[in-house]
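When the chains are written out, they are named A, B, C and D in that same order, and each has its own residue count from 1.
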């Protein structure tokens, strides 16, 4: 068993440098690596290009790194719900690249699968396709898209073990497994670090080979962005 | 809940016609759809193009359909261990296309993911690359490969439910999930059909949306090709 | 009388067929789930990674690890499955989802759709919309017939940056049901109760055609 | 004295480093697992879909649902994971596997490898070999130095259809350890115990170079 455990989140960030491209798992505030985001903020690493489906909200998620101007560029599919983000974007302090969500997911998966490029129909005929190769397959135009190239991936799982195997819960899975596959160095924080052998090998979402550093996070807030409920009578 | 159950394997094969291209899950004899293979044999469907990593052995697996000359062409990565196969191939009765195993897997995954084509390094510089587009990414040549286009996928899972969700055991997973995703009509046979709700939604290997017909198989032989053991003292 | 949001959702729900997997966008499309015809089985997919999405949770039972693509807390029905975003968009691109319902700012008479960007305004992004419209074979747009300034949202050509080309199959607005015919433009199929063909034509900027008399929609529930 | 198969495997095992994921091909490579140096952690990947592969099962404990890529019954160690073939070759192509050991019929002085096809003979297929050699950054070939007819398997150029180009980094044969240098050819690094440089040169058809005296391999176990 290859032991991927690091004692503390700071050790997990060793080698993270200004100007790097990094992946952050999560969809909205669901399944985001809360401890890692806080540690990146403390570390003060600057000029990051962040690939993340969303950009957090004011004061939480990646919003924390926007506050401190640590992010130079965001590559996302949807970035609403964040005033500081909007301010930085409109003032030109922050560079933003918006790409279709499925393409974002597939570019992560491609990076983690040794597929340098693939064709997708998403965005054909739109400004997303500008400057990109178009090719027709089965009568339908497709765009050539490329795998991401990121130095670090920061993901959050529900459970994990010392060998780096990860398991996710509910829709907190989202981009996390794909980004875990895509990082040159993948850092996984887990709600619960379980003993090796405790996870069913049939039900591992990310095999440990993709994970380089793992630690148990603490004090998860798990904020809900849009609380919708049925009223009890 | 959309109910995918069919009462019997014969109903699961409705629409299977001579000359179709079909996917068969399994690696060697591990995880093969035994009941479905037997039913295809009984049905007598001819001139099939079979995409399967291997071609079974004499008298078992796809060997059963070779015996009855129901297969016109095999698309596989490895086809040893089968005398009847060898005879038909050398006599020219059977057409054989050999492709790298990872490319075979990825072409299934692409079909089930709406990716018409992708680049892979596998086979560059070999006869596998002949006639195919070569493109260099990051200084390394890659081959353009296309998604499969198959009418039926026949897979075998460990457990499944009426809504078509599938779970696999051990290395009997192999190509099964990918082929399940790739079929225009996907037929899943399972060792155990469990009540809807009995499978943990976190641990579904193939979501039911990919499965069109499901039934519980019986009398699984699960032959072992290469029995290797440690002797007890 | 023009339909309200629930009326639009209710009319769209009549398009559902037994055994369909359906992806509902944010806004009016979400309401479609409230009007599933009896006797048919439908499963809802949300592109952040769930099949078998159920209703909102009871108060106090919200799970932050269980949301839909609109980031709303949801529940999962028996037989549900969770998966990652690559598999989610894989099934979308592979056309395993039979119906996609989404909102729009503009639709052209060729079925182009614009729903993600207004030049000069803060752009939030396309989310999964471009993947959905580029992939789905059956796209219904749910929207108001005109914008708040009273201008038609059904145009000869979109003026806003588009989300997808020639992809919309049908449009249900507060005034009408229209199909897209690549040769002929908007085909007026049904009118909202009490709304005249003349009003619909007046409020449709794109080319509009009819195949004979245009019936009123049939809305079994009250359209309020 | 030329090494036997276990000697070759034993010498290759010295190349293993702590924390590596390793894919072992069929034949001699499989034996490498028997000689893992003490104090280092290695995990074995088998391309049919397992990480954390263990030894063969005890007699009577074979599980038909648990095999390796050679279709042999195996076991899984604590911390193992099963996955599908796309993910398996995904991790291979993405270079997550640090070392691949496989057999060969021929290797050229540029590191081309031929190990899947002999024209005129029944061709069984390349299995996963083409994916492995096209992807891995660290490929060691385990083979006999000469074929059964006594002809060198280390050539200027492969005569058989190749499996991959310029991919082999190191070769361990019954006679020698050689590295591939794209500029210079086979670099003779080590001799089997008692085997002379002259014999190795005589049995190597490709260009062979040396950087000074060539030491004997160090094999801590008896090489039998």
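By our rule, contacts are C-beta pairs under 8 Å (C-beta built on N, C-alpha and C of every residue); 3 or more make two chains touch, one makes a residue touch a chain.
As the structure is a computational prediction, the values presented were derived from the model and not from experiment.
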item	value
Mutual neighbours - chains that touch chain A and chain C alike	B
Farthest chain (mean CA position) relative to chain A	D
Intercentroid distance (Cα basis), chain C paired with chain B, Å	36
Mean-CA-position distance for chain D and chain C (Å)	56
Whole-Å separation of chain centres (CA-atom averages), chain A against chain B	33
Multi-partner residues of chain D (at least 2 other chains)	50, 76, 82-83, 86, 89-90, 92-93, 135
Chain A: positions in contact with at least two other chains	106, 109, 113-115, 120-121, 168-170, 173, 201-202
Touch-based graph of the chains, sorted into line, ring, star, complete or other	other
Listing of all chain pairs that touch each other, if any do	A-B, A-C, A-D, B-C, B-D
Parts of chain C lying in touch with chain A, wherever the complex brings them together	46-50, 55-74, 76, 82-86, 88-90, 92-93, 112, 122-131, 134-135, 161-165
Residues on chain B engaged by chain A in the complex (per definition of touch)	106, 110, 113-121, 135, 137-138, 140, 142, 146, 167-170, 173, 200-203
Contacting residues of chain A [partner chain C, same complex]	27-31, 53, 76-80, 86, 89-90, 98-106, 108-109, 120-128, 158, 168-178, 205, 222-232
Contacting residues of chain D [partner chain A, same complex]	19, 21, 41-43, 45, 50-52, 76-83, 86-87, 89-97, 135
Contact footprint of chain C on chain B as seen in their complex	1-3, 109, 111-115, 161-163, 165, 181, 196-197, 201-202, 204, 207-210
